[in-house]
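One chain, chain A, links the two complexes that follow: it is found with chain B in the first and with chain C in the second.
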Partner chain A sequence: MTTTQGLGELTAAERFRSRPLTRLQRIQRLLHKHPEISPLVVLVIASFAFQLASDRFLTASNMSLILQQVSIIGALAVGQTLVILTAGIDLSVGALMIFVSMVMGSLAGNVGLPGALALLVGFAIGMLAGLINGVLVAVVRLPPFITTLGTLSVFTALALLMSHGTSIQGDDLGSVLTFTSVPVAIGPFQLTVGVILMIAMYLALGYCLNWTSWGRHVYAVGSDEDASRLAGVRTRRVLLSVYVAAGLLVALSAWVLIGRNNAATTSAAVDANLDSITAVVIGGTSLFGGRGRLTGTFIGALTVGVFRNGLSLARVDVLYQTLAIGILIIAAVALDQWIRRTGAQR
Partner chain B sequence: MSATTTATTTATPVLSARGLVKTYGPVVAIDGIDVDLYPGEVLAVIGDNGAGKSTLIKCLTGAEIPDVGTIEVDGERQDFRTPQDAREAGIETVYQTLSLAPHLDIAANLFLGRELRRPGPLGGVLRMLDRTAMRRQAEEKVSALGIRTIQDISQIVETLSGGQRQAVAIARAVAFGSRIIVLDEPTAALGVRETAQVLEVVEGLRERGMSVVLISHNMPNVFQVADRILIQRLGRVAGVVTPKTHTAAEAVAIMTGAASLGEE
Partner chain C sequence: MSVFTRRSAVLASVGVASALVLAGCSGGATTDDGSSSSAAGGDAIGVTLITKDPNDPFWVAMIDGAEQAAKDAGVEITVASGRDQTDSDSQIQAIENAIQRGDSGILIANNGPAVNDAIQKAEDAGLIVIALDTPTTPIDLVDATFASDNRLAGQLIGEWAAAKLGGDDATIALIDLFSDKVVSVDYERDQGFLAGMGIDVADENMNGDEAATGSYSQGSYEIVCNEASNGAEDGGRTAMEKCLSLNPDINVVYTANEPSALGAVQALKAAGNDSALVVTINGSCDGIAGVADGSFGADAQQYPSKMGSLGVQAVIDYVNNGTKPTADAGKDFTNTGITLVTDQPVDGVDSIDSTAGADGCY
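Let's look at the complex of A and B:
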């Protein structure tokens, strides 16, 4: 970094600050600019390792299977990324997804509403729930952690109260709600509509985050809320819109969930909530807000899927899979802390 | 103001506040303050800690709503409720905290809250940002201000030094054609050389006919660039002096209550 030229000698501190970067610092800076690189490296290395352990790993059919397996978590992690970018966290996404899937399922299966209408009501419920979270966070100014811890219990209870613990099977749901289970063949890959929907969610939100002023404002609010407000960003409106959008994304995930299980049930995807946070964190998005990419989250979700799938192909106990994921999370957050220090240093 | 006489010395103030009062519960922050800011002048506001400088500035820039009092811009009554209101009326503020988003780059920060969109359906329907135009304009605006400390417009603000951040904040305030700039302690965190650069920028603003309100603790700085100096004491105006009529020592005496401004 060259400082002010033409104003005489550099001071000792300025000479120190303009010393050449070491290789490690250069890596640190690169990762600071592109937080999705580190999970990508982990994903590539892990894929090679699992291919060595089992030659069935890198086949088209297994990769299709991984994509189908991660579709729920991957979809849920889209909304989670959005919330975490604003320096928040949403503990209620998993519970809300199950609640919305039960609303859709009950309306179509028990009440007999047309599938499309049940789907739209589900989306509306998702957005309404997001609005409640958003009002509590942005207007009442409760910490997101506490807010969503509360709504987590509320949504779980509502889902159980509504369904009395029973499931609605795919045959009763109709073709619209189970549309996400329809297979789609792309070359040698056997995907489902649910997988395509998940990828579409990434592309759509990715566009909004990177190419619209709303996306800029999301990053700005996560970076420094007070500064953004003084700079003329309507921070309260941004936060509200983030939680409503996250609610809609969760409702879309509920649709993916119904297709994947071919049923609406309260016993599905109970770990989904924490897994979505795992995907975001492994993907290099900072829990402190303002930094991270949706590409990273997609890679993070894939990494979780690859670890689970690869370890089970290599016949490793399920408990060791969970252990490996845990170590990945800690490594990812430690890396994030290290990267964040570049900003403070210079 | 109605007294629009022809003489330049008694020109209409661009910004005029009358009888501003702001209390926080039992604490009286400012207690009936009148301020006039004329076109093309640098008005410094000085005062001890707790004299109400920050509160006055917040009221003038929409960050706080005064309990009592009126604010006029170009003779037009304004009721600022948010910083955006003040901004729309032509008052730009550089806060002491700078209000930059540390994770965004310089260009993104310059255009924060007023991003440019692509022309045609890409911008209209898809609301697509025009990144290249923003980057180009940011470069033009920064170099037009003669800020030499910023070289790479795509640098993340987090990686900039204090002086560079100050330069970005000032560039943002003046880049969008407003006529009144409020600078809150712009040199407090800076070294001698960086301070000199900021003062140079302030003098440049005056040459372009802008009006500047400068809040500072630093008497040499104030006496170097200010045309008039408003001295605040215990929430009231203790006096308005000029660098020609008073010395820094006299100003400090008025500020601390050791002397009072008898004449005028």
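Let's look at the complex of A and C:
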């Protein structure tokens, strides 16, 4: 991989670049370039271990089940990754998702609006909520943590005020809102439209992040906001667009949520905001912004789902599942810190 | 030399990491080796018990009862729960995992109607689903329900409180379970209590729609508040504090369960109100001790361990003979029993004292 030019006329810089690396440094560099590798390794090892523990683990039906079980958190983590890439954090995603699902559910189930219209209103609310977060962060310059901690409470309260704690069952929601629960068979895999939608969200945002100038600007703002502003990036506009896009992604997650529960209910997705951050962190995205990939987040969400499902199939107590995921998070962040030291030290 | 130590550092860290991962799984692997081989052997029955949250002694007692029954009968039992009493997503996943594991039956204390769809899927997959403690809405969604008669539990403490007041004006605080959702246990206990006091409850399936003032069986009443506690001690304390700031002269406190009652008692003590009658429902050993020391006036005792053991037995019967449990006559569930425990018995309400209550507590 490294250069093998004639050694005679190297400058000092070239010599520095082509100096021999230890194996550890190579690994560090590889992980720095591809942060999604480490969760992938964990995922593969864990899958083999769980297969040893229960021969039902690596079956098509169980793989489909895991995908369904991670669909909500997986979808939510798309928006979360986007925000975290800008060195922000969004604590309000779970509450916003429930609020949007209750808006959609009430409009379709109680008011009697057509499902498609209710869905569009829900998307608009999601984007509006994202815009509010964005204005507070990018224009008013509040820290994202504080901003979204506040809107977390606001959205939770709005959802409860609107629904009075009642649920709206799938039969009353109509076929558009529950479309995400429709089964889709791909070969031996029994998926749902919600799972497909989640994967589509990864592909769409992944394309935008990697192949558009907007995506490169998101990474740039996350790495160093001041430097990218001096380089001509309209940082405020990028941040605003990130939060609006995250709001829309959360609204799409609300659609997945309705399909998964076959109901609009406020008693769903407790701690979904923290779970989505867990998926992002395990996936190797740096909480300090500017580094990370959606592939990693997807693997991170899958890893959490695989651990919960695998330990459950092996009849391990639910509290040990939570314990295992806690250890995973700490390991992931420790690894991130270690990777970040590359380049900084010789 | 330095290369060598770095290399060994890599090896060591990789080794530690994989050991950690494997350790996480091998805990399951060792217990599971036995179960999967016996499952392969043929007729091992698997039961999944899903409780509302992982920490309330009530669920621990239910789990103990179920595990004992499972051990005696030689069946496999898996325990899961919501992270707290508002978490239906974990319950849905637990149901799906039970289907995937090939279990024969599910016993569930549901965290709300969001789990209905998953329960239906389990039944479609041929599992017997039994509701414990909390009936599903609708109740006939499941094959059977083993529960306390929650309305009766409320009724008993309501009758006791009314008789105890003996004609005094009642200033009532109602500490319910939830404000963010409608759950049968919540309104059955609350409305049962009010009915027991002889108050017109309006819609008997809705909390808080009764008149704020009026007359109960012995005199006149005022309802100061309907506050949610989430069934937890901190929630009970906060709820009671709010009620006391509305009216410090509260003399009857209904609480939907013991943890919230313990919180309410703390708030009453802090406010210097030591005369209010606190009534609650559960009957754990801590709760009965509360009756003995006077913190609680009366406690309607439930038998969660019995719910767990009856549930496991019902799954075994269903697998062996195809029979499903039948509900009590005139009810749509099987009542696992309610007994009023108080050291201040009143005429016309059957009760046992705290010494007898301690024998049956969990």
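One rule holds in what follows: the second predicted complex is superposed on the first by the 326 of 346 C-alpha atoms of A that agree within 3 Å, B and C clash if a C-alpha of one lies under 4 Å from a C-alpha of the other, contacts with A are read in each partner's own complex, and residues count from 1 in each chain.
Criterion: a residue touches a chain if its C-beta (ideal position, glycine included) is under 8 Å from a C-beta of that chain, and two chains touch if they have at least 3 such contacts.
Source: prediction; values computed, not measured.
Does chain A have more residues touched by chain B or by chain C?
Per-residue touch count on chain A favours C.
A:291 contacts which: chain B (first), chain C (second), both, neither?
It touches chain B, and chain C stays clear.
Have a look at where A:324 lands relative to chain B and chain C in the superposition and call it first, second, both or neither.
Once the two structures are laid over each other on A, A:324 reaches chain C alone.
Could you tell me if A:185 is touching chain B, chain C, both of them or neither one (first, second, both, neither)?
So A:185 meets neither chain B nor chain C here.
One more residue to check, A:232. First (chain B), second (chain C), both or neither?
In the superposition, A:232 contacts chain B only.
Which partner does A:50 contact after superposing on A: first (chain B), second (chain C), both, neither?
second
Under the stated touch criterion, which partner chain does A:33 make contact with: chain B (first), chain C (second), both, or neither?
In the superposition, A:33 touches chain B alone.
Residue by residue on chain A, keep only those touching chain B in one complex and chain C in the other, then list them.
None.
List the residues on chain A that touch chain B in their complex, please.
That would be residues 2-8, 17, 32-33, 207, 211-214, 216-217, 219-220, 222-224, 226-234, 290-291, 342-343, 346 of chain A.
Hey, which residues of chain B end up touching chain A in the complex?
Those in contact with chain A are residues 63, 83-84, 87, 93, 95, 97-104, 108-109, 112-115, 117, 126-129, 148-149, 151, 156, 158-159, 161, 172, 193-194, 197.
In the complex of these two chains, what residues of chain A are touching chain C?
Per the stated touch rule, the residues are 22-24, 27, 42, 45-46, 49-50, 52-56, 61-62, 65, 68-69, 72, 160, 165-167, 169-170, 181, 260-263, 265-272, 307-320, 322, 324, 327, 331.
Taking the touch rule as given, give the residues of chain C at its contact with chain A in the complex, in rising order.
Residue list for chain C touching chain A: 2-3, 6-7, 9-10, 17-18, 20-22, 24-29, 31-32, 35-36, 54, 76, 78-84, 86-90, 92-94, 96-97, 100-102, 111-114, 116-117, 178-182.
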